[in-house]
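Below are two complexes that have chain A in common, paired first with chain B and then with chain C.
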Partner chain A sequence: MAAAESYPDGLLYHPEHDWALIEGDEAVLGITWFAQDALGEIVHYEAPDVGAAIGMGEAYGEVESVKAVSDLISPLSGVVLEVNEKATGEPETINEEPYGAGWLIRVRLTDPTEIARLLSPETYRAHVAAE
Partner chain B sequence: MLGDLRRTPLYDSHVALGARIVPFAGWEMPVQYVGVIPEHRAVRADAGAFDVSHMGEFEVEGPRAKELLQSLLSNDLDRIAPGQAQYTLLTNEQGGIVDDLIVYQLEEHRFLLVVNAGNRAADFAWIKEREIRGSDVRDVSDDFALIAVQGPRANERLGLPAAPAFTHAVGKVDGIEVLVCRTGYTGEDGCELLVLAADAPRLWDAILGRGVVPCGLGARDTLRLELCYPLHGNDISAETDAISAGLGWTCALDKEFTGVAALRAVKAAGPARRLAAFVMEEKAIPRHGMAILEGGEVTSGTHSPSLEVGVGLGYVPAALAAPGSHITVDVRGRQARARVVKKPIYSTKESTDGGS
Partner chain C sequence: MQLIYEKSVPGRRAGTVPAYAGLAKPAVPAGLGRAAAPRLPEIAEPDLVRHITALANRNFGIDTGFYPLGSCTMKHNPRLNERAANLPGFANIHPAQSEESVQGALELMWRLQEILREVTGLDAVSLQPAAGSQGELTGLLVMRAYFADRGEDELRREIVIPDTAHGTNPASVVMAGYEVVGIKTDARGNVDVDDLRAKVGPRTAGLMITNPSTLGLFEENIHEIEQIMHGAGALMYYDGANLNAVCGVSRPGDMGFDVVHINLHKTFSQPHGGGGPGGGPIAVRGLLDPFLPKPQIVRDGEGAGAFYRLDRDRPKSIGKVRGWTGPFGVFVRSYAFIRRYGPGLREMSEAAVLNANYMLARLRDAYDVPYDRLCMHEFVISARTLKKEHGVTATDVAKRLMDFGYHPPTVYFPLVVPEALMIEPTESEAKETLDAFCDAMLEIAREAASDPAAAKAAPLTRPVRRLDEVLAAKRLVLRYAFADHPDLAAERAAASA
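Our next item is the complex of A and B:
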């Protein structure tokens, strides 16, 4: 069952439709409701390796639906600490709970100053409304 | 950009159902209502309805209508009679496939051709240029809508009796007159209903009222690909021939039609490449245009909702076309192993019975 459209407070957003939950010097990353809705039913999540270095605005993996494939764009730079095995094993979780059980990776931030460049929920909601 | 696109008589119905509308072959068409996977499964388990009104319909009539079609189409119309239909190819001089289509023999001297939406204008021009005295070819596409109702319970849901595949008859669904064609593109039992454009929204509502699930072009594509039915423009084209595509069974090489000499030559020599069906052996989804490293390319690929694995069709060197061969697909720079399988990739009761 697909989730209802939402862009929760407490998260920060990247214009390529990714979110970040900042927890000290770590962050949990995922894709927004808008991104999963545009893709449709996700059937494959190609995750990065634990230990991989990822850069803000760069691709770190892929999600693929029946019809299309999309790069995952990292909202922040960091080193991958953990991959969500539930999302790789049951990729439909990303559609069902894009901000919860469908998170994608946890990273250790390598440049926390980048956080200031992310979008607030209000700004991201306006960005989505303009798409 | 959407301004130049055409809409079927059911466009408003699709919007009211919350469909996601995409441009396809010059038309604004529903790609999905709820999701590709549940729509696909509805067709495999029960019944689904597809608006395929974008497809073209030509009527070919006259005492020499059959003679004209015999000279242009690859299959042999002597194999069918009024009330029957046939899958066939419109071929060029090189044996290439201008289009694939179904011809319905309505009467002894009257035929209906249902062609691909994207080829409608080119097909009509092709046939019209070759018209002979005693044959009249008319594009009647705008007069009709076409709704495919497919699935093991399709006929039961519509209140229609069972009938052999590739037959057709005038019938009624909830009082609306239709031509019930026992054809389809999913490998399941069911029919395609040809209806006057003005009656189409009422017919669509009646079909859905009988518990048939509305399905978009997304599910149509995954369903046809599991059955290895080719998509013109992807798997077959004016540059590919029927023998290499595995469609030799649609070519009556003992009769004369456009390109038959070229096709006989391909058959005699054996094709260099063949269109093979394959299943991925690792987690990866093949897509149209990806290279097959042994020589060839993927022409169609998707995630199979029935088998829950990546599947595809692609041209491979003839030596690798046998089931069991291994090929390698370049999935965005990653080498992914696949296994050639016997067609169809997924068998339905209908397809194993030799139905549509």
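Our next item is the complex of A and C:
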């Protein structure tokens, strides 16, 4: 069952509808409720390789829904430490719990100064309302 | 409806072949012969004919109803085309015949090339590619051969593509060995020229663009785009999927394009949508002519002394992209279609554009219009507000249209428009048909407010109800479940548990 619309406090957001949970010099990344709702039911998550370098604003993987295949845009630059195997095996988890069990990757940040460029929950909520 | 395997009765036959006598059994190499006969359905001829006819009656095509599938140009296929294609001189020849014995066929292809040169405003044509996607790949390979000939192939590795492009464009780019660089769309639905300027440089081999775009909008900055691309020494590729909007009105060659593919099966009427055959000729500027596929169809001499032949002496050609000279029956149909219009071909595009604008005007208050401009031969509206207010999505609208007897439009494309519905009426349709379709769309929008469950449950009146698209995408199994096959029902139950 799809989750109810929310954009939790405690996360930072990228305008391409991705979130980041900052944990020291690491971050957990995923897509927002808005993104999974626009995509529709996700049937495949093409994750990056562990160890891959990803760049802020660049594609690092793909999600396929019944409507389309879409690039995953990274909110921050980093090196992939871990891929969420539950999301690759059961991609509907991304629809069901976009901020919890449906997280996508964990990265070690290579440029923590980028964090300041992400959107606060309030700013992102306004961004979504204008979409 | 029963599957044909469910109608199968052991030993029953639609026809019997006499037992062979005095013939040796063919020698099959060891290991390649079947251990057991294939499990084909066993059925008598009347039941077979009825089965196939019942399937055909469930089909929906342009001959059964309105089919406004955006960017696919599902226009009427005049029966005159079939008559021409079935003329014995066209239907009963073989491509291996001598040139002397197929002068009429060669002349038709040559004339079609000449027409396509005029329609596109370019210098040379190859009829070989079998469809739009193969035309794209062929055009890109011709561009690569051109740059290789100039010693620039190592340098120019990128093709820029706007985010409204058909999905085949980036796929063809990758197949041709290039890298895709995406370009954004601006607030008016045009290519974002600043983004383009920032991404074009010495590594750029070319641009692939559809004009009008998949938003159904004419690219207003095409002149500036041309200056940016050619200023960087790059080439311009025109995806001809939307050529139906501009025939006889404006020409890709005049806009600055160097390569164009033409979808004969869309723009110039050829039954399609069921897997072909299609026709995807490309037209190119003179500088790319030496690299076109071979053989090329050429004419020696003029008037009564003219002789048409296949020119294989093309040392810089990228080679063949298809058997023989391409899909000949498609050429005959398209040639017949074009000649029926004659010099008035622009009426075709004018009627297509008028029809689309009429429908957009009727639908604009009930649906969102993401880019509010005069449209070309197709337009994109959105079910965004219906979804927000009533939970009725573009998919629901599309499925509900089936209950009204229409083929749904293209949905969720282009990707830049949420809940997109892309509608292309073509020039074929009467005003009554356009009105009836618009009435259905307006009724669906009203019903979304009063009874949203109806659209969510649609289709209600078709042979099958709403299909499980998620299951189909995740666990695609297309086979008959014989008794000795694993039980799919159990698997399905496990999957949905």
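Basically, the second predicted complex is superposed on the first by the 131 of 131 C-alpha atoms of A that agree within 3 Å, B and C clash if a C-alpha of one lies under 4 Å from a C-alpha of the other, contacts with A are read in each partner's own complex, and residues count from 1 in each chain.
The definition used in the following text is that a residue touches a chain if its C-beta (ideal position, glycine included) is under 8 Å from a C-beta of that chain, and two chains touch if they have at least 3 such contacts.
Being a predicted model, the structure only gives us computed values, none of them experimental.
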Worksheet item: In the superposed arrangement, does A:Glu64 touch chain B (first), chain C (second), both or neither?
Response: both
Worksheet item: So, does A:Ala2 touch the first partner chain B, the second partner chain C, both, or neither?
Response: first
Worksheet item: Given the touch rule stated above, what does A:Ala52 touch, chain B (first), chain C (second), both, or neither?
Response: neither
Discussion item. On the A-aligned overlay, A:His44 touches which partner chain: chain B = first, chain C = second, or both, or neither?
Written reply: both
Worksheet entry | Contact residues common to both interfaces of chain A (with chain B and with chain C) | 40-41, 43-44, 64, 66-67
Fill in: Complex contacts: residues of chain A adjacent to chain C
38, 40-41, 43-44, 64, 66-68, 70, 92, 131
Worksheet item: What residues on chain C touch chain A, complex-wise?
Response: 395, 411-413, 415, 418, 469-470, 473-474
Discussion item. Touching residues of chain A toward chain B in the complex: what are they?
Written reply: 2, 40-41, 43-44, 46, 62, 64-67, 69
Item to complete: Flag every residue of chain B that touches chain A in the complex, lowest number first.
Response: 31-32, 35-37, 218, 222, 283-285, 287, 302-303, 305, 308, 332
